[in-house]
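Here chain A shows up in two complexes: once beside chain B, once beside chain C.
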Partner chain A sequence: MLSHSAIDKLKSICGEKDVITSKIGMYAYGYDGTMLWGVPEGIVMPESTQEVVDVVNLCREQGITIVPRGAGTNESGGSVPVDGCIIMNFSRMKKILEVDIENYVAIVEPGVVNWDIQEMLAKYGYYYPPDPASWKASTMGGNLGECSGGPKCFKYGVTRDFIYGLEVVLPSGKVIWVGGKDFSSEPMYDMTRIFVGSEGTLGFITKIAIRIQPVPAAKKTMLAIYNTPEDGSQSVADIVAAGIIPTTLEMMDNLIINTTEDFVHAGNPRDAGALLILEVDGHPGDMDEQVKTIGEIVKKANAREFKVATSADEVDKIWLARRVAFGSVARVRPNYGVNDITVPRSKFPQAIAGIEKVKKEFGVTIGTVAHAGDGNLHPLILFDQRDKEEVETVHAAEKELCKMAIALEGTVSGEHGIGLLKKPLMIQEYGPATMDVFKKIKRAFDPQSQFNPGKLLDL
Partner chain B sequence: MSDLVAKLKGIVGDEYVVTADMSQYLRGKEQPAAVVFPGSTEEVSGIVKAANDANVKVNVGGKVVETKGLSGGIAIVMSRMNQIEEIDHENLTCWVQAGMNHQELIEKLAAENLYFAPEPYAVSTSSIGGCFGIGDVDTKTFNYLPTRTFILAYESVLPTGDIYKVGTKCIKCVSGYDMIHFIVGTRATLGIITRVLVKLLPMPKAFRAVIADIPSLQAAAVAFKAIQKRKIFPSRMNAVSKALGNDVMDAKGALVLVDIESYPVSAAQYAKEIEAELRIAGATFTKVVEDKAEYDEVVAKWLKIREKISLEENKVKFTVGPAKVGTALANLTGIVGNLEENPCVLVEGLNGKITVFSKNADADAVAINKMAMGLGGNVSGLLGSQLRCKAYNDNEMLEEISRVLNSIRSQFDPKGIMAPGIKL
Partner chain C sequence: MGVLAEVYEKLNTCGRCGFCHGACKTYKKDGAEYMVSRGRVQLIKALADGKVDADHDYEDAINSCLLCGECAIACPSGVRAHELVLVARRDLKLRKGIKPFAKSLVLSSLTKPGRLSFGFGFFAGFGKKMLNGLASGMQFYRGIDVLTMPASKVAFAKQVPEVITVPNPKRKVAFYVGCFMNHSLVETAHSVVKVLTKNDCEVIVPREQPCCGLPQYVYGDFESAKAQAKKVIDNFGKYDTIITACASCASQLKKEMIELFHDEPAYLPKVQEFAAKCYEFSEFVAKELEISDKLKNETPVIVTYHDPCHMVRYNTITEQPRKLLKSVPRLNYVEMFEANRCCGAAGLVQAFYHELSSAITADKAQNIINTGADVVATSCPACMLKINSGLKLKGSKTQIKHVADVLAAALD
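And then the complex of A and B:
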């Protein structure tokens, strides 16, 4: 429990209304996108780097740990409170500080919502490529903490590839700038990269220099429908082998096709085994050649239907089902667990087979959405959290999916992070020697585990 | 010392330990006790453990090892570990040993219709281990991203001699701290990379180069800005001063080298528009290179220029952003003199970066950083980070960055034996 004097000091730093210690006020900060839950000792909402520094120094002196939080959309327990901590909520630090279109850079605060940046950049014909599914709610600080991906990763890369530099408050309370407004400004060690994806365990990011780029001059959106997911994954392999790197290769299985049909009536055939949404972008003169090649490839892989959108309405129609995929499963069961397993692209068909096996062995309902080009699968296990026995079965099935990914030389997380949820699986993925290397990093920055303790690894 | 040499011979075999006539493997004045040529990760591990036991320093190189601080220590040359272990066409990856020559890897992959984008730092000597050890932001970074984005996994020997491996063939992975990318650019201070899984791309469908003789670097900067306004982003868009340009052609002024890797329609159209902009900016000679063999020749000449620039010790590198290159060039003249007569100026139009020779590099770097900061940029790398802190009179940040860097290093290398010439 926070002492009265600690609460008073926090209020003197952040202001009376930006420190919450009431039980009811803290309720909304106890969870994230998982089923994990925790109770903090208090919530602080700093508005500036100096306020972050002051809170960090106070907490260090008083032995209080701090869990950072953006919008709380993460899927691994990274922002869930742990015993005795306070939550540092960055939602007040939401200014877009600088936009320099001609030099392809913008500087933003961590509380800015990804979508707000996209809307602002769209006015100039520019965008920021990382586009996680949560982009209308998730914050840039959270995106960096988890190194978020999204549908465009296959061609453009993930969050870490679009970060030029950072202002960071360290557990020591000191502020450093790493990187700059370009990729050449790191102080020899690429400090920016080690902070991105570190889930707030090494430092708290207070300013972010992002790389922005012009919206491509042309884009083509296509839809291919298959009788089996295996045929769809064969298309993915063949497209890459033909030398084409699409912007997007999104796959949905039969269950998700049906739940989305129930929800939005997108017009996809209910008996299809899988569908693939494909996009290519670039110079207008290069589109036809790529579309023609893709059309030939998907037909050879037994696609029963292949459509190329010819208008903005048709593009929207193709994307409609994918956009509502996660929400649509609520029609089947009240809860779902999102998994984030990733395998080498060539092992995608084996991963699909592995998911089928888990379904049968554990008797669970799974619908799969996948960034097929990346080998990143999101099997959604559907359940009812009021049924405790079923919850246990779901946890066991999730563990089995992760083990399957590791056995296929993949990873337990492609874009959602480790947090609390997947921490026990790290040793299986890496073994003791590599885990020890990770611990060296944590010790170098935060030997007392003051920042987001117990997440990602234990010292 | 003879005990150490005997131990090293026991690890790698007598023929792979050299203790006399070592100069061809060394760069620098100091002399190590031995040059060692390991053939496997396990042998590298054995060598590093022996160094720990004998408490001597270690440094590593592909063909040549820097000897600063290495007196009496061990120089590890990785040239025996020079094999491609696996090319995976389906996943677009390749396992390669660290001692493989960078350019040779590019050529072997090209024969399989695969593309490895990072440019060799020094085309005649660079190894793939060196490529990631240095972790350059090369002139193709705008389109392909920096070198670090091309590593997916690696095996490494820690400064303690322990071996670890991190990464997979997945292009997305957020499991654990991002050691995969953090290791890039650490110059062997955190260990010796022995095997690397690199990311490949499909071979581009069409290639074009545009070369131009242009009256000044300033005129090139004007053209570069105009080309970007047309939303054209070639693979490379560089200009070099006359002295460097003469390696490609007998130019009267600065030499512009632009190359495009794309699809046939866009490549042809972009080349035409780029040539037009260079003409408008005053180019007295332009040529669009369409023939692939001739294109390869132009790129090979460029890589020689790049090697010359990389190995030049008296230089300052700084970035101001693509839109401010012209202003920076104008200001730079006041610091280092006439740029057209300078033996080594490289202007990277897309990265907004300038490299310039200076007889007084350390002193000029301070003035150049001040000028660059006035334009929103800074000098590159560790020096730039230090100069920025000094310019802001922020000793606290300077000390904290130094503390963190050295804290990481000492976690990995508690005895301080690796890469003694590198100071953080």
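And then the complex of A and C:
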């Protein structure tokens, strides 16, 4: 339990309303988007860098660990409390501090929601490309901590490709700025990229300079339907080989086609083995040529149907099934496990085959949605969390999927972070020498292991 | 586990993805996890499992929900958190009654017409004089513009004849006025009658206008809500068409009442039959009347529309009010940003969580101001009062009007 004097001091730093010690607070801050659970000792909601610094200093003196949290939508346990910690919730630090259109930069606080930035930038005809599925809920601090991706990331890159610089509060209480406001201003070590994806284990981010860019003048949305997932994945490889980089290359398998049909009647054929949603964007003059090339490629890969949306309504119709994909499986069974294994694009067909194998071996139901362009797969394993035996089988199947990804020279986590869930798999992916370097980095920043201890790696 | 057992399966379907954070206005303003649907659902489940207590903090989390239903649209797993919150409120009512006393007083007064008339009558007379005598700082009480809030000494239903005849009646409709319109927004009630009578409808305004039961229903007092529903059906059941111009009452009469009686199979058919005869004002006018040829207007006016939660999410009446507004000559209709999102009024949330509520209203007011509209039209008396206050707090001159007021003005 936090001492009364510690609670009083936290309140004097952050204000009465920004320190939560109620029973419901402890409960509601116990989870994230996974099934993991922990109990914090308290929650602080700082509203400025100075408050973050003061809390960090107080906690260091008192030996209290701190787990950072944005909206808590993460899928790997990164923001789940550890024993004896307080939660530092950044959701009240949500100012957009600066928008510099000329230099393609915006500076935001970590609690700003990704979607709020998109809405604000839309007024200028600009946007911020990383678009995780959680973008209407998840914060920029969280996106940064997990290095989030999204459908648009095939063409444009993931979060780390859009961060110019950061203000960071270190475990020592010192505030540093890393990176700059544009590409060329980071001589020395690339510190910015060390913080991206570090899940708050090295420092707490209090300001983020993000790269923004103009909304492309034109966009085309296409749908290709296949008899087999193999044909669909062949198209993916062929399109990229043809030198076309679509903004989006999303794939759904037969199970997902059927669950989405049950839910929204999008009009996709239930006997199809897979479908691909493709989008290209750029200069209006380039669109027809790209659509034509893609049309020829998918036909060569035995697509049974190829549609090009000609109106906003048709675009919506094509996206309808994809948008409800996750929820539609939740209607089949009460729970689903989201995985984000990623393999080299060229090995995408092998990964699809690997998933089929896991399905049979473990007797589990899996529906797959994939950011196919990135080789990033979301095999959704369906189950009921109250059936303990089933949960065990699901965990075993998930482990097998991860092993398969590593064997294909891929990674166990494309965009959802490591947190607690994927931590044990890191040694397989990187080997002891690299893990040792990671540990040294952690110790260099956080010798007392005060910031999000036990996440990513064990010291 | 009590009544929570009824929804235990549904509580389990929340996968805790947190997508509701983007949809929840109370979370956007407060930022705490228990102020969002995921947190509320997890807490209800925790109470059912005996892991948290129904303490004061829990009550605040449950009672501060706007019940706007926006999270249900964002939820990939199809959880309807607002419906689960309703059950949690019923559970709270059964555990400890309606608290605090002020809330209990408001809810019970609505079921007692005498007390309601006295209250509004007192406010219209002496109460306002008293407020007028105080400093202007008192104009806004808890973010509500109490000084200019209309209040009638005599309820609307007692100002007009019980049957308002027209020369060649083509239809006969009963007007369910609703408590708020009956006692406060009396002018709007007159507008409703005008639109109907100018379009050859004979309008019956029964003297007895029992509360629809929605306020009791949403705070978990199902017994009172059912009693009110039966009173409404007793008084209005004999008519073929019942019209109300209050979005919340409309939702209660058309939909929620049916929910309420699912455990009384003997009475349920009567409720279903009644519900099928009830219409929201613009729903009826747009569907049944040929109004557009009769509308006249010389002065150009810019109008926008706010969708009350009970119109857009509890029912799907969104096109009809817009269509009617657009049919007024020289009316330049502009759409506002987030027109269909909650204004923050949310029944008694505005009274008991007024800072939260007013912060939400401020966003709505800003979205209205950004359109440059002269008039913001809507279909719900509660939204009207709250939005009016929000606009005035921002110093805006934009007027709030009911769709019926806009149409009635064009029928002179």
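Following the convention adopted for this analysis, the second predicted complex is superposed on the first by the 458 of 459 C-alpha atoms of A that agree within 3 Å, B and C clash if a C-alpha of one lies under 4 Å from a C-alpha of the other, contacts with A are read in each partner's own complex, and residues count from 1 in each chain.
The rule is simple: a residue touches a chain if its C-beta (ideal position, glycine included) is under 8 Å from a C-beta of that chain, and two chains touch if they have at least 3 such contacts.
For clarity, every value in this text was computed on a predicted model and none was experimentally measured.
Chemist: Superpose on chain A as described above, then tell me if chain B and chain C fit or clash.
Modeler: Pair status: fit.
Chemist: On chain A, which partner's contacts cover more residues, chain B's or chain C's?
Modeler: Touching more of chain A: B.
Chemist: Could you say whether A:Met45 touches chain B, chain C, both of them, or neither, answering first, second, both or neither?
Modeler: Only chain C is touched by A:Met45; chain B is not.
Chemist: Check whether A:Tyr27 is in contact with chain B, with chain C, with both or with neither, and answer first, second, both or neither.
Modeler: Once the two structures are laid over each other on A, A:Tyr27 reaches chain C alone.
Chemist: Take the Cα centre of chain A as the vertex and report the angle out to the centres of chain B and chain C, nearest 10 degrees.
Modeler: 130
Chemist: Looking at A:Met426, would you say it contacts chain B, chain C, both, or neither? Reply first, second, both or neither.
Modeler: first
Chemist: Regarding the shared-chain residue A:Ala137, is it in contact with chain B (first), chain C (second), both, or neither?
Modeler: After superposing on A, A:Ala137 lies in contact with chain C but is clear of chain B.
Chemist: With both complexes superposed on chain A, which partner does A:Gly267 reach: first (chain B), second (chain C), both or neither?
Modeler: So A:Gly267 meets neither chain B nor chain C here.
Chemist: Touching A:Tyr336 in the superposition: chain B (first), chain C (second), both, neither?
Modeler: second
Chemist: Can you work out, in whole Å, how close the C-alpha atoms of chain B and chain C get once everything is superposed?
Modeler: Between chain B and chain C, the shortest C-alpha distance works out to 20 Å.
Chemist: Which residues, counting only chain A, touch chain B once they are in their complex?
Modeler: Where chain A meets chain B, its residues are 100, 102-105, 146-147, 149, 153-154, 157-158, 160-161, 170, 172, 174-178, 180-191, 193-194, 196-198, 202, 214, 217, 237, 240-245, 282-283, 285-286, 289-290, 342-346, 371, 374-376, 409-418, 422, 426, 429-430, 433-438, 440-445, 456-457.
Chemist: So in the complex, which bits of chain C are touching chain A?
Modeler: Against chain A, chain C makes touches at 9, 12-13, 15-23, 31-34, 39, 42-43, 46, 51-53, 55, 57-58, 61, 74-78.
Chemist: Inside the complex, what are the residues of chain A that reach chain C?
Modeler: Within the complex, chain A contacts chain C at residues 20, 22-25, 27-29, 31-35, 43, 45, 71-73, 89, 91-92, 94, 111, 113, 115, 133-138, 324, 326-328, 330-331, 334-336, 385-386.
Chemist: So in the complex, the part of chain B that touches chain A is made up of which residues?
Modeler: 88-93, 113, 135, 137, 141, 145-146, 148-149, 158, 162-166, 168-179, 181-182, 184-187, 201-203, 205, 231, 262-266, 269-270, 317, 319, 321-324, 351-353, 376-378, 380-382, 384-386, 388, 396-397, 400-401, 404-405, 407-408, 411-412, 422, 424
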